[in-house]
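For reference, chains read A, B, C and D in written order, and residue numbers begin at 1 within each chain.
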Amino acid sequence: MQLAMVGMGRMGGNMATRLALAGHSVTAFDIDFNTAQAVAAGHHEITPVVNFTTLISTLPAPRSIWLMVPHQVVDSTITALLEAGLESGDLIIDGGNSNYKEGQERALKLESHGIHFADCGTSGGIWGLKNGYSLMIGGSDVAIDRISPALTALAANSGKGWAHVGPVGAGHFVKMVHNGIEYGMMQAFAEGFELMQAKSEFNLDLQQIAQVWQKGSVVSSWLLDLTADALQQDGDLTSLSDWMDDSGEGRWTINESIDLGIPTPVLTLALQMRFRSRQKNAFAGKVVNAMRAGFGGHPIKPAEKP
Amino acid sequence: MQLAMVGMGRMGGNMATRLALAGHSVTAFDIDFNTAQAVAAGHHEITPVVNFTTLISTLPAPRSIWLMVPHQVVDSTITALLEAGLESGDLIIDGGNSNYKEGQERALKLESHGIHFADCGTSGGIWGLKNGYSLMIGGSDVAIDRISPALTALAANSGKGWAHVGPVGAGHFVKMVHNGIEYGMMQAFAEGFELMQAKSEFNLDLQQIAQVWQKGSVVSSWLLDLTADALQQDGDLTSLSDWMDDSGEGRWTINESIDLGIPTPVLTLALQMRFRSRQKNAFAGKVVNAMRAGFGGHPIKPAEKP
Amino acid sequence: MQLAMVGMGRMGGNMATRLALAGHSVTAFDIDFNTAQAVAAGHHEITPVVNFTTLISTLPAPRSIWLMVPHQVVDSTITALLEAGLESGDLIIDGGNSNYKEGQERALKLESHGIHFADCGTSGGIWGLKNGYSLMIGGSDVAIDRISPALTALAANSGKGWAHVGPVGAGHFVKMVHNGIEYGMMQAFAEGFELMQAKSEFNLDLQQIAQVWQKGSVVSSWLLDLTADALQQDGDLTSLSDWMDDSGEGRWTINESIDLGIPTPVLTLALQMRFRSRQKNAFAGKVVNAMRAGFGGHPIKPAEKP
Amino acid sequence: MQLAMVGMGRMGGNMATRLALAGHSVTAFDIDFNTAQAVAAGHHEITPVVNFTTLISTLPAPRSIWLMVPHQVVDSTITALLEAGLESGDLIIDGGNSNYKEGQERALKLESHGIHFADCGTSGGIWGLKNGYSLMIGGSDVAIDRISPALTALAANSGKGWAHVGPVGAGHFVKMVHNGIEYGMMQAFAEGFELMQAKSEFNLDLQQIAQVWQKGSVVSSWLLDLTADALQQDGDLTSLSDWMDDSGEGRWTINESIDLGIPTPVLTLALQMRFRSRQKNAFAGKVVNAMRAGFGGHPIKPAEKP
């Protein structure tokens, strides 16, 4: 099929390439034209374009335009596409990490222009180029049918790694929960490996342990594979910071659990430990020490560090 | 090699069978002789015995005796083996889920008799018979060398799924942490699936989602595979209770984190949510309601349920 | 001073009464006129009115109107007051438990009509009538100055229990955090008392313990006083449900911690344990059991309960 | 009455003084005789002694000896007292922060010598000298009766702040839970104040807020009073470290919750956040970053800090 891919970052570029390798025609746009050209190099199926006007004139209607841009700029991208001539019958797929509620609002707004919208959660990271992605998409049957050849080309397991999970919103909702679970799993491994590292009495070889767990144990997983690889490169992970970033989806998952009244202690703590990792001189600690000093009779002074 | 397996439960029976299929000679004991006979049926490499005296006379010294018994009866089993004639130079491997500190004590006690001891964490569940196990073993080089042919036969990935992780204690310590992580991962999945089930607006098909996540997503894992299988059998898991049992290792992991002063919020909450699942009419809730009634001016009475 | 109080529920009725006892003139409105009359009975300073038109004609401009209504109906109440003739220069104080962001929006909207707005967090429960309230109010100096005689009359500690904590929004923000802390403290006590109740070996008298802690211990607090009172009435709290309700402020506190990227594990868990108390047959537990059955080889069936 | 106090640290010295002020005769011992002399100065009721032999010869049998020493040296102190001539019928009270299980073992050991033992949890900090303590004591009726005049002298609220809560062990068990709750309450306040400090939009005056909450709010408590005092001295607590120490009781509380199978998420997280405050370059964070780098395709390098 023929479609456009907007956003030639690591994910979008790889996806355009994977589509091209499967024989699909991809009109490729990036805010930096050089980036789009670099992705297109060697792939005659990929046509880089310099602006949305060209993108729209290049693609025959009804168009399918797949967005792989940061969630902060999805709205401005859609507005620009509308201004560039997007037409009734066209389809926009948001494949990035947007909040599902925003997707629902976008669908309503685009519907008033007769434009279809689908929201697609995309998992697989940089390995997706080679192995394919896990794709969970929400939208109407019409929209999903139209884009299904691309979904099959992108999907892992010989094209089986995608599912139409529900109406618009459902795709990003399911991806949001996926990422919430991912946070929990990562923190579980992190705590376990930290415990083993702290048990100096046994002088454990964490790389060896990660590798033996990969073979038949209950915690076998892709995340464990990645951990084993990292430990093989750098056994003490000395080159890595302990400052843990987070993107929006972990936060939205907790907000959702609060809205639904569902307890998610593990998912929440996984996120909050990321927040904690970014604090220097946390005020909470000072407040606790102020109270301890108060009843213990110590003057207000720094707690002693051994 | 020739060794004895004590305890023909699900794990021990399967391990005896796997060893036999690899050509090793196994003297098999169970408290119920019929069980040992059933395991031995059709495997001429397995010799069931009726008591420890026979077990010891059957095995040529130096003997290797692998215990797969509940951790509560490991000490009494060792005592009975000593009484039955265990000799200096023999080796006991505790392959069950014992506390690593108990293993360290057992090693010291057995050392005074000149008997070797190794502690082996065994992961893989019922799938180990077919796929092999992930084995993490602690003990001296002498002990591990002697038992290594059996380890190779039992191990997953063509015999590579085992590792000598350290001195006695290290095997069960590593397995303990493995199980702690397993608790965290399971609770992470559980919270995520519960959130999706609660989001009635999307009417999500959890089986479909589990299956698409199996294909290329970051949360790909054996635990997800098992979840997908269960959802395929029973989409709403209606046949399952929400009462979550726990064995000792999750608890020991938290005790260890407390001893080491290492924060493990995810592992801890995963365990404590199991405790919570077993409470009916929790006193904590009544205490909160007593306070709410106190400042809100309600008389002491049941909180209203909608 | 002269002011109107809208909402004669437990809080609003008591506050009107306390204002009257301090000599202030209160125009009292409730959706149920009988309720307003009952509050006014015996207090010539309280004038019940049947509708907002009468309320507005009764109060000389510039008016001060204090709302003590559920946060869900604050907007409709304000709209009705505007329709009834609220004028430029008038002041609305929202003294209920609204979200501070809504207060900020209301202030902007009312400002376009020249109407002042202040948001007041009110703590103290039913004891406020006798002991006075703890009031944390946000708004302009003009607004707070005008209402300050009422604040002094309502406040605990001989009128000192109020503070102008910042601009509009700050009052309800501080009250929100207050309630978040309250949730944490309540859950801390609840867990401690539950532990003591579960320690059957000591057969502890919880009422006696609560009472001795009231006298000089570090956990001395009003919440402990309330617990001691409740235990004195009903030592096992048998008459209370363990089903814990929650109002919005605990939830908003967690959402705020997520927005700010500040870890609040204790406040969050206090809220989530309330969610958990309301679950019957939690799906999360079934998912965990599905996995346990999967690797343990049990058929899909209810976990055994002892 | 006449009794000995062993350990003239902040707690023991204050308690000896409070007993003396109530007219009781106190034989005072400290490892540093100068310290005992300093406590005795100006109090003819306090007699400092240089060693246990003198202590025992000074006190008429049956003796009451109150220990206020670190829990690590209670056993060695008891051994030294036995060697110095402690006799059948004497009574030892452990008033420090020992683990209740150790108290139970000590009682059994001393019982074989005919010596009574009581375990007394003592709360109140440095304010106990002036205001009295909250005392929760375990032991036999004979033991508690004998020491009751001292308990009354030490107790807050005109001697009412003590209770005989159960057999030996119960005193320190109840104090352990008290401290667990204290941790939870402190962390709840700390999280709340941290949230308010982080909300820069409102530029909140935390000292003012603490003070208004002291007057009639639901979170009124001694811990809030201490926080208000500290904020009055140092509004940003700039002089305090955020490194939070912990003593044993918080840990024992969690171990107990694990033993009993009772969920204590708030008490546990309060402790674990203390652990976290002491980590520099936490390995857990590196493990999370290793996985994120793995699936995101970043080379193994420090996460970027903004």
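Observations on the model:
Simple rule for what comes next: a contact is a pair of C-beta atoms (placed from the backbone, for glycine too) under 8 Å apart; a residue touches a chain by one contact, two chains touch by 3 or more.
Chain by chain, the UniProt names read as follows: A, B, C, D = 6-phosphogluconate dehydrogenase (Decarboxylating).
Source: prediction; values computed, not measured.
The minimum number of touch steps linking chain A to chain C comes to 1. Chain centre most remote from that of chain B: C (centre = mean of CA atoms).
Rounded to whole angstrom, the centroid-to-centroid distance between chain C and chain D, based on C-alpha atoms, equals 34 Å. Inter-chain spacing, taken between the CA centroids of chain B and chain D, is 38 Å.
Rounded to whole angstrom units, the spacing between the C-alpha centres of chain A and chain D is 47.
Counting partner chains per residue, chain D shows two or more touched chains at residues 124-125, 127, 187, 189, 191, 194, 198, 218, 222-223, 257, 262-265, 269, 272-273, 276, 278, 284, 295. Contacts between chains leave no pair untouched here, as each chain touches all the others. In the complex of the two chains, the chain C residues touching chain A come out as 218, 251, 254-255, 257-259, 261-265, 268-269, 271-273, 275-276, 278-279, 284, 295. Note for the complex: chain A touches chain B at residues 123-125, 127-128, 131-136, 138, 155-157, 160-163, 165-167, 169-170, 173-174, 177-185, 187-189, 191-192, 194-196, 198-199, 201-205, 208-209, 211-224, 253, 256-257, 260, 262-267, 269-270, 272-273. Of all residues in chain C, those touching chain B in their complex are 10, 124-127, 186-187, 189-191, 193-194, 197-198, 222-223, 225-227, 229-231, 233-234, 237, 239-245, 265, 269, 273-274, 276-278, 281-297, 300-305.
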